[in-house]
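Two complexes, one shared chain (chain A), two partners (chain B, chain C).
After this line comes the complex of A and B, so read on.
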């Protein structure tokens, strides 16, 4: 960018021929005016004001192979052993593929990712009652107590990327996100959950159990139904990073826990099995790569 | 032609007002009419985003600049302008027909002037049902679906739809109170959000908004918000 910057002429200052000439010849700058001169004089949106705010890449894909009205669904069984096997939504057909050269996210760039889908958790028979993880002792209205689970259990949908090659054979969680593949049972602390969406796995309640009101308990495992879920993530890397693809994977069922002064989600295999599952229909996965000024 | 001052000043000679004015006049002419190609860098440095006329639309909350569009709309706050979605007009409850209907106020129409990337952000919250009437065909549970559309509801992005289930089990049979059998904190309430990404290959008038499809007889759309980001490529 070419700018003409001159000291002001103050009252009482001598008129110098050389200075005066310079004030005019400063406008003689062949080949100096560029993009920045035009941008600085343009009217732009306040959030992108600058000389290099541009969208470099953008891509969207439907996420999942089901249909929105639940006529066909994808089914993810819950894990019976640790760690849980990662289930890719869409089975590899609905991931974002950035081509042979990938997207190179520079230090001045930002990668923004958005996803959503619809999910229905199916858990029956109170499998969480043994080993009683999350038990709450509730007045049964008859002088005793009964177990009402805290239901702090969930499925996890998290974002993964491949930074190795366009072969897309080396998936890892994005920075800030863990993959729930370590520990016994496997877990992730809450400080490694930057790119995940959770789906509550089950919910039970007692509609009437209350001694004061003189009613007995009526523990009910709610039949969970379909509902939309969504998530988002952004990356502003500290060094240039080439990404060849993005995908969303599912694991579960996890339960809230505390260990080593850290809140975390840890795998709850007692609830595992093919009949305790998560169903998915369809959604979308989008990414946009922008350069920040 | 490039600017060259018509008058040059020399030390120890009288400074003539006409000479100074002559230089200023020449500069004025140059800056207004005579910047030539030789004064510019010999690489392409002006693209579409630098020659777009700005625009500000306070009614729809949209503004346009050289880089694109931005703006947003919302319903005005919780329950301020409740709208509704119902199987009565989406026609699916009994017949199986699929008729998506625009959600009032959520549509944005903009004039896109160059190839662009569009990000449409949206969220909404719904109290669905209760509806204890006859079930629709092919489903044992009823839902209120919301999805983005582009242009018209003839182009609904159904894959991006998200649903809220009916507050099922019908009405309380108690004699003291009648109403939804389960509290909405359990079922029948949903707050969802999403982002729809699209691209255009050239100038066009572009409309994007939210539409709904319901198998529930009536659901209240309590609150919603939409935002749009458009950047020219």
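After this line comes the complex of A and C, so read on.
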């Protein structure tokens, strides 16, 4: 709390310019203003706008080159070998570009990033069938086993940045996010998934009327439809960081796994190929640079 | 409407101490009660506004320092719900929620303390990802109703629900839950909670019943890649 306290002027006290100036200067001293000496609602958009008190920068761009009505789409084939090649949404034309000086995110700042798009995963047949990942040997109720997949497979859209220069030629995942480029098959531990969106790759379930006390003997394969997907990320860095641009890349298909007691998503090349793909239309990528307080 | 001036100085006027005192007090009063129409637009900047005077943010992350980013928690389980972590599952599923270790109800995945919250409007964003097993969402063989699987999500502030969502119903899906409201001053505790659909009558809960026990437990759901951001706007 900030209070401005000056002794009162008493009869007989000297009144001079210096004294009066000191009193009036007290009201404009650095750090003197806070909520204790302002009425509720006294600081509003006119006082905040352009003064960098809360928001320092904001920018947005369309994301992707498809159209909203799905007439044209971007198509990402699933990986057939490890690691998956990163596909940049928009092919380089829909990045967030922060200019020649970039945005410098200080330790007292936060960078908030949001993205959304429309996605449709397509899988032909059951390339994930036994003995591939996700195969479950469910009791079929007749002394045998039934192959029902757990459907824990997904595409990954993750955020990348360039902290090198405005040439935007050195993209790396943002802090807290992995790039799925290491391991065999390539994988990423779930403790490095701070800036990603996942899209389910396929869906099947025990057919209605066929589940009986933990057993099933038939399944329903449901074709995935268009769905809205969105993601968010925020960074309050431990040291000042200059960022020149942001982009969103896609890789897949991955499946859930656990190794050495650590959960992860690992590449699932059994469902790789041109007929196992992800279609994208268009959305938006936006970033806000703000002070933490 | 408020006025800055109580006494207007005139040329050749006799100076009195109380006239100056009244003027100063009027000015001080005016500063503490200025409204938005009277506050000069350019009178505020980061140099003369105290930190957290107008707004304040709290973000998860930063532990350990070598791993930046906003995920909550620490170490190898950063960003995950850690209440239920089965060690009896399959290698090609997450070590997570099973129907052997979770029977239903709301659980708190993360607790955040908004230290120094001074009262005002609070906005909270929670982003993350969900994995769930949809295989037995239709369990109507014995005329039981279907049992659609979903990971419900809610944010509680000081024990009061700020926002609640039906949550994720896809086998692998991302979510963002956003809530806001007016809250009183204090070090508010925010709880990020989830609730998964309980088992239906016909759900399979083990990998197979044909091999000798113990049979691997089927993963039913998990919550991972979680991060939260809280923003307070004070005046």
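Methods note: the second predicted complex is superposed on the first by the 222 of 293 C-alpha atoms of A that agree within 3 Å, B and C clash if a C-alpha of one lies under 4 Å from a C-alpha of the other, contacts with A are read in each partner's own complex, and residues count from 1 in each chain.
To be clear about the criterion, contacts are C-beta pairs under 8 Å (C-beta built on N, C-alpha and C of every residue); 3 or more make two chains touch, one makes a residue touch a chain.
Just so it is clear, the structure is predicted and the values come from calculations on it, not from any experiment.
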First (chain B), second (chain C), both or neither touched by A:54: both
Partner chain in contact with A:225 - chain B first, chain C second, else both or neither: first
Partner chain in contact with A:105 - chain B first, chain C second, else both or neither: neither
Which superposed partner A:205 touches (first chain B, second chain C, both, neither): both
First (chain B), second (chain C), both or neither touched by A:18: first
Winner by number of chain A residues touched, once chain B and chain C are compared: C
Partner chain in contact with A:280 - chain B first, chain C second, else both or neither: neither
Which superposed partner A:290 touches (first chain B, second chain C, both, neither): both
Partner chain in contact with A:76 - chain B first, chain C second, else both or neither: neither
Common interface positions of chain A, toward chain B and toward chain C: 15, 20, 24, 27-35, 38-39, 42-44, 47-48, 53-54, 203, 205, 227, 229-230, 232, 290
Chain C contact footprint on chain A (complex, rising order): 2, 4, 6, 8-13, 15, 20, 23-24, 27-44, 46-49, 51-54, 108, 110, 112, 133-134, 136-139, 143-145, 148-154, 174-177, 189-201, 203-216, 220, 227, 229-238, 255-259, 261-263, 290-293
Chain B-facing residues of chain A, complex: 15-18, 20-21, 24-25, 27-35, 38-39, 42-45, 47-48, 53-55, 58-60, 62-63, 68-71, 114, 116, 118, 203, 205, 222, 225-230, 232, 282-284, 286-288, 290
Residues on chain B engaged by chain A in the complex (per definition of touch): 2-5, 8-11, 13, 15, 20, 23, 27, 30-31, 35, 38-42, 45-46, 49-50, 54, 63-70, 117, 119, 138-139, 141, 143, 145, 147, 157-165, 168, 186-187, 190, 192-199, 231-233
Complex interface listing, chain C residues touching chain A: 15-18, 20-21, 24, 27-28, 31-36, 38-57, 59, 61-62, 65, 67-71, 73, 75-80, 87, 89, 91-96, 118, 125, 127, 129, 131, 133-142, 146, 170-174, 176, 200-210, 218-219, 222, 224-225, 227, 229, 234-235
